[in-house]
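Presented below are the structures under discussion, each in the form of structure tokens.
The following pair of complexes shares a single chain, chain A, combined with chain B in the former and chain C in the latter.
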Partner chain A sequence: MRREVPQKLTDYGPLIFPAFMLLMFFVVPFSTMIAVSFFKRNPAGFYTPDFVFDNYARFISPFFGGVLTFSLGLAITVALLAVTIAFPFTYLLTRSTRATQTVWLVVLLSILSLSEVIIGFAWSTMLSRTAGITNALVALGLMSEPQALLPGFGAVLTGMVYQALPYTILVLYPALVRVDPTLMEAARTLGASPVRAFFNVLVPSLRNTIVATLIMVFVFALGSYLLPQILGRPSHWTLSVLITDQAIYQSNMPFAAAMAVFLVLISLALVGLTLLVGGRKEDA
Partner chain B sequence: MSGLLLRNVSKQFGAFTAVDDVTLSVPHGTFVCMLGPSGCGKTTLLRMIAGLEEPTSGAILLDGEDITKVPTHQRGLGMVFQSLALFPHLNVGDNIAYPLRIRGKSRDEQRARAEELLRLVHLQGYAERPVAKLSGGQKQRVAIARALALSPKLFLLDEPLSALDAKLREAMQVELRQLQQQLGITTIVVTHDQREAMTMADLVVVMGQGKIRQMAAPVEIYRKPADAFVADFIGSTNLLDVMRDGKGHAVVLGKPVTGLKLPQGFEKGQISIRPEDVHLTHDASALKGRVHFVRDLGGTIETFVEVAGTTLVAVATPRARGDFKAGQEVGVELPVDAVVVLKS
Partner chain C sequence: MMARFFKIAFMALVALFLSGPFLTVAGVSVNEKQSLVFPPEGFSLSWYGQLFTDPAWRAALVHSLLLASGAAALALAIAFPLSWFLWRRGAPWAKIFLVLCAAPFLLPPVLPGLGVLALWATVGAYGQSWTAVISHAIFFVTLPLVTLSLGFASIDRSLVEAASTMGANDRTVMRTIVLPLILPYLVSGYAFAFVLSLNEYIVAYMTVGFTMETLPIKVFNALRYGYTPTMAAAAVLFVTVAALVFGLIARFGNIRRLLGAMSSEAS
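Right, the complex of A and B next:
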């Protein structure tokens, strides 16, 4: 599609409102946070305006490095798992009848309406020894006695993938619905089995969508701070948990701000790298 | 038997019968056009041959082997879709080489075959182009080349030329026909364009409401349509009521037509006569009519004549026909050898 370049100043009129919102609710708070990250902490009170690098310096330690690596790794794993599960599921969903699609989409939207707290406690019950799914496995004779599946990395991962799945499916859905079904049929007439056609026609032709979805889920998972606390051990706590801890419980706003700024920069760098690697073949 | 055989093939979608008990034999190397209005079941029939739909009943045999249950990717056929279905993430060469890649052929072999096919469809040197940068006609050729990459036993095309403009379409029809003759490949084209069918086909299969209405060479379909549906669908025609009178003569438009023989047991029904076979004369001998509209298209003149309450169309070249004006009385001659008595 070709769009006309705005000619007069008034042509930019429709942009005023979003620009204002972006400025008020993103640029101003984010700038404040950057500024605070350079402030000096005042143990007696809150903080005093200053320009020191102490907060960043304190961050550069094996402990925080480990937490940062774990947080990024967790978010990447969640993104990969969510897209791997959601993509085939959404593809099959788009090929099913309208009634089936509606039912599934309503279910997904209702999962979306659940808060992170409810998801966290639901899973902590599900994975517990006393009332969890292992009891069902024992009843079926597949296990000898019930056991607790949490706290642990598996539990954190399960909860976060569960939380991310509806978003992933709803982002993939419009793109998969638009895919010309004859592409897959053509691949089959040319000798590709349905599974091969899925992998070497459908997946590559939606490469950009997949990359965009991975980034979205990654960013989404990076911000999660309740599920790691409910379902994990302290060693599974993400940087978001530490930021909350510093900001709310230790009243160390400057340090929390510094960690947040650092996290934003690192994730922006990762997203940029993904776009560079994943989107380079874009010529459609 | 060599070739394609459909035996009592039917397809139902719920209560709707898309294809109704079709039996069709296509000898090896034949160019078949399946022709019919939209919704007549021609595309469903093609998709069943390709294995993209499963017949509700009946069998499909290719070279004597029952392929009804064989999945599409094992049938070894080439198909061109109406949407062309070129893979957007691959360039022209890789699109054409896709079936070779699937079969694990080497990169060199893929490239050589793609070049060979591009030459065949007159697109040398286009291998590296992205598909999105091609014109409609070029995309068409790439889709054809890709479908032919593995020298399939069957070449299927679903409305392949419908996206092209009229001039290009006519040129591609000729090209497709020449390509098919050069390769000697059994080809089935689905189309709703009768000119396309007349240009390309050895055998035209006219379908209507899920059934085969007539199956014959293009000229025969035109000259000897089996029923009113075929006569009306292929070209334009005049359909007139006919009945046998007490003396056994065929009566058309209220007058007996001398020399027109009705088949045994035929009491009343319809006849078809092509507009170019209707002769208008100045002497009102047999049938009297009145011209009520003249459409002069330059190359041909269509004259609409009202005879006994029925409107007939006569077509002629400007040279062959004296000019008639609207409102004028004319004589209408229906040459007996051009009249086709239709099955009722």
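Right, the complex of A and C next:
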């Protein structure tokens, strides 16, 4: 059976409900958010319609600049660490038996689906003084007494890499599973060690996949809003935390919306920039 | 030999990193007294009991289950006709819907969260429990859409052609060929959306955070007033449910195909 081009108006029937839902509850809210970012704050309610740039003007401050730099730096660090661990891991995974792969995929999906609340709670227990990993180190005689490893930057980074790792592996998996096995075999026959073949043949052949994955993990890490609150100090708060805080606790929807629009623009700009750079490399 | 040792060591290290926090939490959850110590002192499953007997925890559990089952059903109701249309009709422009479905899921979650908060506040429905169901359905609609698209792609078109030449109309084809073949993908799409909705925090918080506690919201609120082993029990429950659902999908379906290992064979 060929796909038929819709001819009668009724052929479009199945689209009515999905289109309505997506327009009504994604396109409209998103547009509302953009509109609200130009509105004026109303301390009594949510906001009053207006057209002002005040909310955007507030960005020009050392505080906001600091938060923005920290958020972007943190997301980049998380993306680099996650891809560095996930790439060799996923490669090894795709070379395992089907049964092993299935078990791992179930584990990875389970962790990926977990709420940030649960991951934050689990890590804050893991890094605490009473129940944490330092107790194990004391038992092994490596430390004299248990201590708390949070709040701190290390804890935030660990938690976020933990959260991003299953995502990174599952994004890399389809690409790595399709790598032609003869590629690595050829490199080995020509005398390359496994490590050399990995870095000189596999990594360059998947350069575009790696760049695309870095971007996806970067955007994923930008979205982390609870881990910085649970595992870090207020100085480790990211843009996502600040947006939630302004929207809910400060009841300043217009400012929160302005920051959200800004976050979308930054994500899109970075994606565009990286694609541009990637495209140039391909030409050369 | 060396390479094999390195492979096992590296994968074991990742396994330790991924399981460590939850082994600790599982240990903490069986403490006898209300303290979070590891290794646990004494052994008691009473904290698991409290999840179901304590009115506040049970209410949160019920809210979460209702929200997740409703949202997953609605997500399926949006994704099914859409994926059927894309499979049945040659209308390349309709692919724009795939982008619209994926966008809420791929953007930082605070953005769709803020979007629906702005919408519900504007129309005056802020805090109503059904707003969370709709918001979650849109947020997770891409998951059943992906599984269903894979499912439709796996249907042998010659089956449909044979049925059509014998005089079957769209309705008969749907009932006798499409639905039976697509059923596993419907189930896994529902399961993906269900588990993720069960765990979702920010969109739920921004829509019904002040009027209704779901389980993740309850855990986060409880975090501020100090840690109890009940929270550890709740965390273990979440991990168990997720592992159970995905384990079942892997057992009865093909999880490697769902995650993209063999979609080249399908197309």
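The definition used in the following text is that the second predicted complex is superposed on the first by the 252 of 284 C-alpha atoms of A that agree within 3 Å, B and C clash if a C-alpha of one lies under 4 Å from a C-alpha of the other, contacts with A are read in each partner's own complex, and residues count from 1 in each chain.
In the analysis below, contacts are C-beta pairs under 8 Å (C-beta built on N, C-alpha and C of every residue); 3 or more make two chains touch, one makes a residue touch a chain.
Because the structure is predicted, anything quoted here is derived from the model rather than measured.
Legend: residue contacts after superposition of the two complexes on their common chain; A:272 is shown touching neither chain B nor chain C.
Residue contacts after overlaying the shared chain place A:73 against neither chain B nor chain C. With both structures placed on the common chain, the touch criterion links A:135 to chain C but leaves chain B unconnected.
Judged by the touch definition given at the top, the superposed model places A:65 against neither chain B nor chain C. When the two complexes are overlaid on their common chain A, residue A:113 makes contact with chain C while staying clear of chain B. In the superposition on chain A, A:190 makes contact with chain B only, while chain C stays out of contact range. Here chain B and chain C are compared by how many residues of chain A each touches, and C touches more.
On chain A, the surface patch touched by chain B in one complex and by chain C in the other comprises residues 194. Interface residues of chain A, counted against chain C in their complex, comprise 1-6, 11-12, 14-15, 17-19, 21-22, 25-30, 32-33, 36, 46, 85, 88-89, 92-93, 98, 101-102, 105-111, 113-126, 128, 130-133, 135, 162, 165-166, 170, 173-174, 177-178, 194, 216, 219, 222-223, 225-226, 230, 240, 243-244, 247-248, 253, 256-257, 260, 263-264, 267. Contacts from chain B toward chain A in the complex involve residues 50-52, 71-79, 81-83, 85, 87-90, 98-99, 101-103, 130, 132, 146-147, 149-150, 156. Within the complex formed with chain A, the residues of chain C that make contact are 3, 7, 10-11, 14, 17-18, 20-22, 24-25, 27-28, 35-39, 77-79, 81-82, 84-85, 87-91, 94, 97, 100-101, 103-104, 106-119, 121-122, 134-135, 137-138, 141, 157-158, 160-161, 164, 195-196, 199-202, 205-206, 209, 216-217, 219-220, 223, 227, 231-232, 234-235, 238-239, 242-243, 246-247, 250, 255-256, 259-261, 263-264. Against chain B, in their complex, chain A makes its touches with residues 180, 182-183, 185-194, 196-197, 200-201, 204-205, 207, 281, 283-284.
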